[in-house]
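Two complexes come next, and they have one chain in common, chain A, joined by chain B in the first and chain C in the second.
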Partner chain A sequence: MWLAACARYAPLLLVAAGWELAVLSGAISPNFLPRFSAVIETLWELLRSFELPGEVGISLLRQSIGFGLAVVFGVAVGVAMARLRLVDRALRPLVTLCYPVPVVALFPVLVLMVGLDDRLQVIVILLGSILPTIVSSFNAARGVDQYLIWSARNLGTSSRRTLWKIVIPAALPEILSGIRTSLAFSFVLLVAAEQLGADRGIGAFALRAGQNGFYPGMFAAILTIGLMGFAADRIYLALMRWMLRWQEQE
Partner chain B sequence: MSTRWNAILSWRPAYSVLILLLAWEAASRLALVNPYFLPPPSILIQRAHHVLLDGSLLKHMAATLWRALAALALCVVVSVPLGVAMARIRVVHWFFDPLISLGFPVPKVALWPIFVLWFGFHDQSKVLLTALACAFPVVSATHLGTQNVDKFVVWSALNLGTGPHRLLWKVVFRAAVPEILTGIQTVLPIAFIVVVLTEMLSGGVGLGAMIMYAGRFADMQTVLIGVIAASLLGFGAIKLFEMMRYRLLIWHQETSAAP
Partner chain C sequence: MGAIDAVGVAKRYRLDRKREVTALEGVDLEVGQNEFVALVGPSGCGKSTFLYMVGGFLEVSEGRILINGAPVRGPGPDRGIVFQHFALFPWLTVRRNVLYGLEERRIALDERHRIARELIALVGLAGFEEAYPKQLSGGMKQRVAIARTLALDPEILLMDEPFGALDAQTREMMQEELLRIWGVRKKTVLFVTHDVREAVYLADRVAVMTARPGKIKALIDTRHDRSQGAVALMASPEFARRANEIWELVREEALAAQRLEARSGDLGRPSQP
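Moving on, here comes the complex of A and B:
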């Protein structure tokens, strides 16, 4: 099993070794690309001095609040739009109109409305990831097999029970995979919002390190952001499998 | 998937958009929302007319559009052959599979400082970062699409004496085209978002730069016009691509199934 894992992830080691050798041999200037070992060393230093964990903590706090709110409200609105004609009529044009708007472009407006503090990043993440969540939950809830709903209603299930016992469980796999896309998107928005205007947070740290010519630090921070996105995705995937454990496995 | 997106992005609710615009106008005129942050549409239209006439809006839109299209073209030219190769050649699959699966959930915009260091502040870094951000979904869609081509179609072609090159080009690739197009459709909005973001970060020409510049002078009307122009570009690209998909897949069963 270990051997299989090594064979699978060997290309990553190859890339790291190629990176190290290319810089060591002088083919690429270290001012252009710091050595891989130097990046890892800097990463370790920044971790030990608690500089990086602090920035990561701030970023994760912003991300989890913005994304958490987007999931709660996005799923609620999406399912409500699919089930209630009035809500659909009222919100569909708004969603259609706002869906193609690149939320990061609203940054200057939001800066003046909210001010330059943590709420700004939270609002950018919330606005940017709520629309894909609404659209995917709407599609999921609308795509529920009508016969399931009719059977339940015919057997005397109240409409509230139908929602909780039929519609939501049946739509859950698609809702959850929609949320997975929004999760990846929320990290893009986090980094974007921190690069555009923040003095703390891992995205701001990476940009500042680059501007100050502290390239090993910049690469270490970017590596950390990549690991954050990857870890969040894998944790979510495990959570998703656990929530769908009742599903028949193929 | 794409047909469903179709439903929510269709033109049908045009009349309700009109009601929405009227409500916006009224809310802004009656100061229910702060008219400074959300000026009424009638004033935005006047300003849009102004920036259209002096040519500045079109110049910025053209820059953004050209960068997004260049990035998409670059992404397709690299990602589609890579995806096909991953499905057909074992070594390529071995090398790229862990890189793709690790890199997929990584927010690519985080690489912006590196791209500035390597490629400077101009078109090159913006186009390359956008192409990279778009590459992962296209590679994996192409890979899966090519891998899942109906075995019976391949067997029939082989049985009728099709050579390996003809098989790849005439059968496998064409059967995978719908999935490849779906992959490109999912990255269309991403391309416009990343281009606008990199323009906001670096300045110069482009809608993102125009938005950031206007924001510094607290000129909310121009900011909103820039946002609307960026949305229209993205929306137009999505609509055009849907029409192109219909033309390209006129032979496919999905086209005749659609109303």
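Moving on, here comes the complex of A and C:
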């Protein structure tokens, strides 16, 4: 098992080794790029001193709130749009118009409106993740097999109740994989929003470390961000597999 | 008065603002209590559409369909349906699929489980209660679908090419299964198929439909003596004669349908829901 894991992550190990060698051999000046081993050392110190875990905690809290809200409302709105004509009529133009607008374009407006506190990061993550969630949930609920709905109707489920009994479970695989894409994107937004000028958070830490010339700390923070996203994806994937254990594997 | 009475039934689909397609026109059919009627015809003749209208999933554009004298108003538990691609709920186990309708109808808990057990045994799936549909073969899936439909003990069974997606051996087995189950639980059956031999083998009467716009072209009595078993029956000259007679009728219509399609391009094919 260890061997398999090593083989799988061999490319990463190669990059790390290349990085280390490039700096050691003098091909890249250590003033530009600290050695990989120095970054890992700094990471370990920052973890031990609880400096980094505190920033990570704050970032994860912002991410969870923003992303959690986006999932709850995004799925609800997307499914409702797919199955209820009135909701579709009311929201379709808004969604279509907003979908291609990058949240980044709204940064100045948002900073002006809510300032630089925690609400900013939460709102950025919420806005950035909710639209893809709406669109993927909409498509998932739209594509539900008509015969499943007919079967349920035939077995006594009212038209209204088919939404809960059939549409949501049948659309779940596609909804969940749409959410997975949003999850990855939410980490991008988190860091971007924190670098707009937050006091705390891993993104703010990375920015500050860079500005202060504390490069090993900056790289340690970047590495941490990558690991956060990776861990979140693995946990989500396990949850998704468990929820879809009935699904056919291709 | 039959279990199912269709009088002058028509179905039209709007293609766009100007064009519409008539899938069915002037369909009259009476199916008696506990009678097994098979509906055959060239593909695209609207036989499934007719079945969906009897099931209450589609509305009739013209005419009326009565169930025991009362007009169809949406789907109802008196008419159970089995689809070609099974339409099992993949997130539920075999047991929960069969229980679904009983739960929706709020049948008492122990009664529910008794019925489910009995039906799972009837279709020969005892031991597979906790399997998910993905773990079953096509034939097994269709058995689950039949059990799920029979759980509510519908008076009428509507079957939409139920064995069309199965391989030949499984299909033959399922046909005999169906006759066995039908023997245990007498029901009125309306059975759509494009397989003429299947229709002649299973049905009391076979209704042949014309090319689009579909209507009933002929009704042929196919009651036979089944006491000698399926193999003897299918080998009998009487069976062959009837199957040929019906095959000829269907072939004429299939040719007519081809000409129609050649004339109108592919346009006007009613969109199957």
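We adopt the following convention: the second predicted complex is superposed on the first by the 247 of 250 C-alpha atoms of A that agree within 3 Å, B and C clash if a C-alpha of one lies under 4 Å from a C-alpha of the other, contacts with A are read in each partner's own complex, and residues count from 1 in each chain.
By our rule, a contact is a pair of C-beta atoms (placed from the backbone, for glycine too) under 8 Å apart; a residue touches a chain by one contact, two chains touch by 3 or more.
The structure displayed is predicted, hence computed values, not measured ones.
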Which superposed partner A:Q247 touches (first chain B, second chain C, both, neither): second
Contacts of A:G26 with chain B and chain C, given as first, second, both or neither: neither
First, second, both or neither for A:S151, with chain B first and chain C second: second
Which superposed partner A:G226 touches (first chain B, second chain C, both, neither): first
Residues of chain A touched, compared between chain B and chain C (which is higher): B
First, second, both or neither for A:I166, with chain B first and chain C second: second
First, second, both or neither for A:G115, with chain B first and chain C second: neither
Chain A residues touching chain B - in the complex, by the definition given at the top: 8-9, 11-12, 14-15, 32, 89, 92-97, 99-102, 104-109, 111-113, 135, 138-139, 143, 184, 187-188, 190-192, 195-196, 203, 206-207, 209-211, 215, 218-219, 222, 225-226, 229-230, 232-233
Interface residues, chain C side, partner chain A - complex: 52, 55, 57, 74-75, 77, 79-81, 83, 85, 87, 89-92, 100-101, 104-105, 132-134, 148-149, 152, 273
Sites on chain B touched by chain A in the complex: 4-5, 8-10, 13, 16-17, 19-20, 37, 94-99, 102-114, 116-118, 189, 192-193, 196-197, 200-201, 207-208, 211-212, 214-216, 218, 220, 223-224, 226-228, 230-232, 234-235, 238
Interfacial residue positions of chain A with respect to chain C in the complex: 145-148, 150-157, 165-166, 169-170, 172, 245-248
